[in-house]
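Two complexes, one shared chain (subunit A), two partners (subunit B, subunit C).
Up next is the complex of A and B:
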């Protein structure tokens, strides 16, 4: 299954749009985009997930990786996560690292 | 994957040197044992003293047949350890096992079977029972599969809590049973995640340690059967039959279907720690799920049968555990295995302590005879990684070894004090000759632990095994018909008393007496020296309808009914205040047994009383114990605690011991009084109107605190 992670910037906001299936084989691509966002000193990281169908354990770890790569005061907002992904994030406690939102913050 | 991508430039072992079954491989690292993610690949290491050949067998999740089998080249073996690094594996989708061939000339006791795939004894995750109770493929030739795990949980600043042992109040619970009932109202019933949602309840109760019944991977379908009478499916619900000693039970995780049980369990530990609650695991090293010679071959039997199990000279299994086999804990290899396992849980999962099921087996030698100086017990007592972990022994086994008070403790181990349980039960039903022993138990059992102090004693009245507290006072005999064995199973010696009617009744006097007895038990337990343990649900009067061996029930019989917290709110409030009282009075938590030396205000640390102050009745027929403790209060200065228990059917008027000048008796609890006068919030106890005497009602107990009147 294909996977895409595309990083764009809007002022101090970094937006990574995720598509497809995020698993052990594709997690590295995601991590690279997170590192690029961190290098750009983003003040807000938005992960657009409405086209993300699946996130495995390794994919979810990417969220914790992002939290650790970014400064403490940088918010990470997940937009459009499907129910299964959001539920899993909460069950394993990764929701402490991120916020959920229905829309890309202004 | 390139070396650079893994962030370890310059490492020269991150590429294959050979190819096997289409995979790049190279000689692996023998240590650590198990499967470990390394740059670009996975390092597999497994040991067997007698194997002549070992293959790594690889499966894709959900597929019955393997997709690859990689025989370890002979040069990849050092000693008895076979190690190989395999590159390019998708570590999330792969399951693995080993095919092990024995020597040409087998030794007695060998049970090598190259027709079977063996699980890795060091597997950090196991699949096969991913969702509790889900339909099982009984024909799967490799039903319990080893799975790779990434030990990279984000603990932030969490670490084991190191609660001072004297401050502990332990709460024994079953992860699934605690929230499986719909009345729990949690979003993921019966799981680690579900338990997190009940942390506020535990905080409000005041307990600061949960002891989790087995959470190492087990098979709930082990010995599963259908009750011939009711047609109900019976499970291995308790889980005292371990498959995977390094793997958390997947079926207890809402995310087990995604293989994320380790993360979910670690998050539970982290959240409990955040709430100030320590985590003790009930661990079962006395036997394994492989059973006797008719049992399944899962791992140990096919790797080194004679090493892992105690065998008779004829090669049969000794059965000191009552479950078919006996783990050979004092064999040096098995000892190291147990140590590796506990270090893993302490280090990787931040576990605060362990309770060892049938621990007397752990001090039997390889021939089954008890050792004076058992190496495993000593090793665990002195291990650096386990240094701050509680070590609690269930100091007996099913082979007749009973070591309460004599378990080799190395000034380090505590014991489930079975004699505490029995003494309290005997006294509460007014058995002849029970008053003297109760007195000894209240002050931390100095007869058993004179040199070890009060913390060697884990005090309890009930635990998962036996009657619940409510049933202890509602049934004379066990009622285990639902277990499908014609009520033959379970203990017959319960020291219980039904208070006048067997089972449910509408008789208000019987019901009132039962309620009083439950409060008596909780008051005595929480005001005893030693570490108290409460069975989950007893604080709200949970019943199992007289079943004293509910190991096989996954249903309302064994689940926590959360409606009870409201219906029995009176008992819950009483228990909460008793827990709070314990926290408020360091004397009750003292590590030392009290003696006749001065405690405070010219009064000895402990003195005993009766209907007249200073005149205790230790006669055979006595049903009255009154204890005065004097010592230092939490804020400094002296204070005095008076605890009187009357097991007689008539009320008693007791003369109170005189307090030093300025101190006044205040009433903390009176189980004979109607709520809300049965208990008062610690620190806000009302002064007694009559400072010279108090009436203790029929089968009731009172607790007073003597301090300056504010």
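Up next is the complex of A and C:
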């Protein structure tokens, strides 16, 4: 499986670009980038998912980890999630804790 | 498909999931239905590896088949009995993420996205079958 998570910063926004397949074997890479984003005290975490083709519960646990690492007032925005990934997130009720968007917020 | 038998350990996951994707292709599943089969299979396989065989080495067997109306994938292991169809730990879906404990999601997801999950314990083995309709 191939998976990449790359963290970049733009002002107070942390952007993690996810590519490939986020599964039980690759989720640790995602957690590491979330940890780095949390250390940078961003005000907004954007997860860019348009090149992410697959996500299992290991990825969902990464979202829980992100929500718990970041301060309560830090928004998490998921951009470009495919239908199956968005549906997976909704099935477990995580859409109450993150926002979906078609574009990276200004 | 011919049976695949591998050690029940994380290092086997890529090869096990490649088998599942070959099955989806043979069955002509749509992209979305192939996604759900893959998700259900990963969750149940990871569960067997990380819980069933956490402290005891063993093997996990996959067998798959394509029928006119459906595709089935059978997971067979010799870990202690675990019936995912009787597992009632539905995650607290309305609880905010910040208050949730990790885990408890995989079996719930597998049962939700598969058309059917069947289980029997026979001759000392867990036999878990995931069924996806082809249409």
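Everything that follows uses one rule, which is that the second predicted complex is superposed on the first by the 106 of 106 C-alpha atoms of A that agree within 3 Å, B and C clash if a C-alpha of one lies under 4 Å from a C-alpha of the other, contacts with A are read in each partner's own complex, and residues count from 1 in each chain.
Quick note on the criterion: contacts are C-beta pairs under 8 Å (C-beta built on N, C-alpha and C of every residue); 3 or more make two chains touch, one makes a residue touch a chain.
Just so you know, these numbers come straight off a predicted model, no measurement behind them.
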Exercise for the section: Check whether A:39 is in contact with subunit B, with subunit C, with both or with neither, and answer first, second, both or neither. Expected result: neither
Handout entry: First (subunit B), second (subunit C), both or neither touched by A:102
Key = neither
Exercise for the section: Look at A:73 in the shared chain and tell me whether it touches subunit B only, subunit C only, both, or neither; answer first, second, both or neither. Expected result: neither
Exercise for the section: Scan A:83 for contacts with subunit B and subunit C and give back first, second, both or neither. Expected result: second
Exercise for the section: Kindly classify A:28 by the partners it touches after superposition: subunit B alone (first), subunit C alone (second), both, or neither? Expected result: first
Exercise for the section: Could you figure out whether subunit B or subunit C reaches more residues of subunit A? Expected result: C
Problem - Shared subunit A surface residues [contacts with subunit B and with subunit C] - result: 23-25, 56-58, 60-61, 64, 67-68, 88, 91-94, 97
Problem - In the complex with subunit A, residue positions of subunit C that touch it - result: 10, 13-14, 17, 32, 35-36, 38-39, 42-43, 46, 91-98, 100, 102-103, 105-106, 108-109, 112-113
Exercise for the section: Would you tell me which residues of subunit A are touching subunit C in their complex? Expected result: 1, 23-25, 54, 56-58, 60-61, 63-65, 67-68, 72, 83-84, 88, 91-94, 96-98
Problem - Contacting residues of subunit B [partner subunit A, same complex] - result: 1, 5, 90-93, 150, 152, 154, 188, 191, 193, 196, 253-255, 258-260, 263-264, 266-267, 270-271
Exercise for the section: Going by the contact rule at the top, pick out the subunit A residues touching subunit B in the complex. Expected result: 23-25, 28, 56-58, 60-61, 64, 67-68, 87-88, 90-94, 97
